[in-house]
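Next up: some structures, all given as structure tokens.
Okay, so subunit A shows up in both of these, paired with subunit B first and subunit C after.
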Partner chain A sequence: MSALASTRTVLTLLVVGLLATFPLWGSAYFVGRVFSPALFLGIAALSLAFLAGYGGMISLAQMTVFGLAGYGYGVLTVTHGQPWWVGVIGGLAVATLAAFLFGLVAVRTRGIYFLMITLALGMVVYALANQNRSVFGGHTGILGIRAPEVSGHLLTERALFYELCLAVALASYLGVRYLLRTPFGLALQAVRDNPRRLAALGYHVALHRLAAFTLAGFLAAWGGLLGVWYNGAISPTTIDVTRLINVLVMAVIGGLASVEGAFLGALAFVLVTNFASSFTERFNTVIGLTFLAIVLFSPEGLSGLLARPVELLRRQSRARRARDELDELGVQQAVGRQDE
Partner chain B sequence: MTWTQFVTVTLNGLTLAALYFLVAVGFTLIFGLMRVVNLAHGSLYLFGGYVGWTVAERSGNWILGAVTAAVVAAVAGLALQQALLRPIQGQDLREALVTIGVSIVAADLMLAQWGGFTYGFSPPRAISGGARLPVLDIGYPRYRLFLLAFALVVGLVLWLLLTRTRLGITIRAAIDDRDMVSAVGVNVQRLFALMFAFGAGLAGLAGVVGGSAFSIASGEDARYLLASLIVVIIGGMGSLPGTAVASLLVALVEQYSLALFPTYAAIVSFLLMVVVLAVRPQGLFGRPA
Partner chain C sequence: MVTVQATPAQAIGHALELQGVSRRFGGLRAVEDVSLSLAPGERRAIIGPNGAGKTTLFNLIAGDLRPTSGTIRFYGSDITRLPPHERIRLGIARTYQTPLVFPRLSVLENLYLAARGVRPWRMSLRRPRANDAEMVKARQLAEQVGLGHAIHALAGALAHGQQRQLELGMALASNPRLLLLDEPAAGLSPAERELLTGLLLGLDAAMTILLVEHDMDVAFRVARQVTVMHEGRVIAQGTPGEVSADEVVQQVYLGARHG
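Up next, the complex of A and B:
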């Protein structure tokens, strides 16, 4: 076990080191066009994986929150000409508040109801952004959004932006890992497994879920800020139904209940969209089929596939039990059977 | 708002409600019976519309187009249910995810086949053109009135089917307690397949009937999926009267708010959903879960 633990530490250091030095040895294209977007999209996917895997809430509104942070930043800095830090604070505040409001509506429901309501909420915000010219800029959205400038460097310079994305992604990854070990995180997982029992123990179930949903919104908002800097503009297309679902696709490809998987899924997604589009116009079909294959045949996603050999080594003796425990879908346990 | 405007907006709301009802009723019945949230329902609507348009254009026969659309969508729905959903039956979230995957692929393939164009139908002469209403002498497209009548007939037939026939009684019993229905010797699997094909066929038919009132273009799948979602969330899942009432409510509210404050209309449907969920989380006609 200890040998395995130290191997793990070495591996972790190696991965972090490789990632941090990536702009030095990686190709410009991969740094700027593949890894950077994969990191900020991964943050959105992480917020979903956190909700789905540990809170039992599959939210399709994560991209909406992501987009609202971008809109908040854009409206404040472009429309109202505020400095960038006002935009950052405002964007985070708007998105987190929106997540809180969505949460108020949605947390009383569970399972597929929750999925449907968050999907409907996300689509309503899209419709609003598309119709409303005065605030959201209608179909065009908000153009000419500039990233913050720190001591003469625009944060969207390739290597700098990559390191920024990596830093935020690492912070959110570690933050989520930490959160899951706190009493709040443990209570949240208990709420996922058996809300009734938790309620009987005196926990406020809806409040826990609402807090988790708001926190996940705050996380997605960080991804949204990075995303809007990267794109330099925001339009309703950023939050249309395809994008809402894409985040789910990333999280599912990575393994819906996996914190690392979120980034892995985002990376796979960005790679497929970038490269499949060069040899076929139908890359959405490729993505859809991949998603279907994973949902049907390998519900733990890529991280499940990668973790399998490690898992075998570690739990050889408990292999049979582990197989029973790991339900076909990571979320299956999350949903619980209370819905029936 | 003048009286003429008011009547026109109301009629627009009513006809839109008719379309929402046609689309959402299959969605809610499938959900009620099988606990499957078919997020590819909008795709079936769009698919029916495209197929219907192609057939109607080639044959010059609108009715043939509508019938073909219903049949083809029903077969597609049946294939989806038998091939992809049946193996994972009972895992409701996974089933929802599968239908999401199908909707992604379907949207892309339909875009490849029919492109990003907007298609318009030409319904038979008997139901197209304008009509003069006896009240206030308002002119209104005859087709929209046909749509309203059509949805009323479909609703009535469904209601009679569900309350007056043996099949309907079995279906309602299965909605309430499918294990018990299965235990008394009903082939529930056949019932599921039938219901899925029926709901899908209705969505495909709505693609032609609704597409003739508005138009058919890529992206409409998402629009009608949203409409179905809001209608069943508000009306209560699996309830026929709930679907009818919620369709009316959603469509009327949508049209009135579009007429009164166009840029914030989306917020109003959001608020409607919020109010209903706050008071009755299970929807207006839903039973507590």
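Up next, the complex of A and C:
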């Protein structure tokens, strides 16, 4: 177990080190056009994996929340000429508030109904953004959005932007992993497994769901801010039905119940979209086929595929430990039986 | 049949009191005009053939269902309209007919959540430490129900009998004043039944226990008082001896078995 743990530590440090130094040795294209978007889209996918894999809530509104953070930033900085930090706070606040309101409507439903309600909410916001000119800028959206400028450097300079995305992604990754082991996170997983049982233990299930949904919205909002800086504009196409589903595709490709998977899925998605579109116009078909292959051959997604050797080792050691425990228990019970 | 129409003054003296409680599902009268009272510390078994309304009655007391009519009082206060998560905070814990545990969490995490559920700061974002009160409690409960050596096993990987033990531990985690056990011995081996009976007999004498049980051996050893239900109604109530001698009960049981 300790050997496994130290292997893990070394591997983790290696991966983080490689990722952090990527702009030094990676190609400009990969840094700017593949990894950076994969990281901020991965944050949105992570917010969905958190809800779906650990809370049992498959939300299709995560990209809507992502987009609303962008709209919030754009409206404040471009339309109202506010400084960037007002845009950041406002964008996060608007998106998180929207997630809270969506949650109020959606958390009392489950399964397919939850999915449909979040889809409907997403579509309402899309229609609103598309038709409202005064705030959302209608079909064109909001153009000329500038990223923050810190001591003379625009945050969208390639390497800088990449490092920023990496930092936010890493923080969300660690944050979610931490959260899953807190009382709140454990209760959330219990909500996924059996809400009725959890209520019978004294928990307010709907409140837990709502809190998780709001939190996931806050997470997606960070991705949304990075996204709007990257694109320099925001329009209703950012939150149309295709985008809403794309983020689900990313999360599933990566592995729904996996924190790492969200980023792997986003990376795979960006790679396939970028490369498939250079030699075929039907890149959606390629995405669809990739999706099918993953679902058929590795239901735990890419993370399941990559983690298989590690998981095998871990499972062996866990099984050994559990077997020892159960054996001992069995022996005790057998002894008890003989005593009678 | 004994129906006690308690005045409010008497009601305070009861741990649990049901007055004229009914629950209908469309045309089906699952529970019909049931009145029942348990003194604090009383151990009562509810028996009856399948479909007698025992589990529905449990769901009404635990709050999973609301009665169509009637009132339920817990230590004198009306809990008829209270949601389940608030009832357990008052001290009503239950187990289910088929064990409901959280399969993808460990035994310790299951018990920890159960101990945490009745305390404030349920939504805490601070990671539990090994010496937190609820963690200590969770470990102690694992020992108490005989799972002390399996605390890291995933609950879903436990055998049926062990899941029952875990579930009982989860119900005890809240230090309940009223414990509702829905067929705790179902699916257990004779040795496991013995273990369970011992465990139940060893519980705090102040704890009121209401159990539904088909295994008369377990039921009559744990409970002094027996209530017999049939087609949603209470048809007899008394000591195990009185109930087994009751003609109506014999008819129902013989009728159910041979009819």
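Just so it is clear, the second predicted complex is superposed on the first by the 313 of 340 C-alpha atoms of A that agree within 3 Å, B and C clash if a C-alpha of one lies under 4 Å from a C-alpha of the other, contacts with A are read in each partner's own complex, and residues count from 1 in each chain.
Rule of thumb we're sticking to: a residue touches a chain if its C-beta (ideal position, glycine included) is under 8 Å from a C-beta of that chain, and two chains touch if they have at least 3 such contacts.
Please read all numbers here as calculations on a predicted model, not as lab measurements.
Of the two partner chains, subunit C is the only one touched by A:Arg196; subunit B is not. Residue contacts after overlaying the shared chain place A:Ala211 against subunit C, while subunit B stays out of touching range. Contacts of A:Phe184 after superposition on the shared chain: subunit C is touched, whereas subunit B is not. When subunit A is checked against subunit B and against subunit C, the one touching more of its residues turns out to be B. In the superposed model, A:Leu76 makes contact with neither subunit B nor subunit C. Of the two partner chains placed by superposition, A:Ile253 touches none, neither subunit B nor subunit C.
In the three-chain superposition model, subunit A touches both subunit B and subunit C at residues 328-329, 332.
Residue ranges of subunit A in contact with subunit C, taken from their complex: 178-179, 181-184, 186-187, 189-190, 193-194, 196-205, 207-208, 211, 318, 321-322, 325-326, 328-329, 332-333, 336-337, 340. Taken in their complex, subunit B has these residues touching subunit A: 35, 37, 39, 84, 87-88, 91-94, 96-98, 100-105, 107-109, 112, 222, 225-226, 229-230, 232-233, 262-267, 269-270, 273-274, 277-278, 281, 289.
If you check the complex, the residues on subunit A that touch subunit B are 58, 105, 108-109, 111-113, 115-117, 119-121, 123-125, 127-128, 130-134, 240-242, 245, 248-249, 252, 281-282, 284-285, 287-289, 291-292, 295-296, 299, 328-329, 331-332, 335, 339. Residues 62, 64, 83-85, 88-89, 93-94, 96, 100-105, 109, 112-114, 116-118, 121-128, 146-147, 149-154, 157, 162, 170, 173-174, 191-192, 194-195 of subunit C are the ones touching subunit A in the complex.
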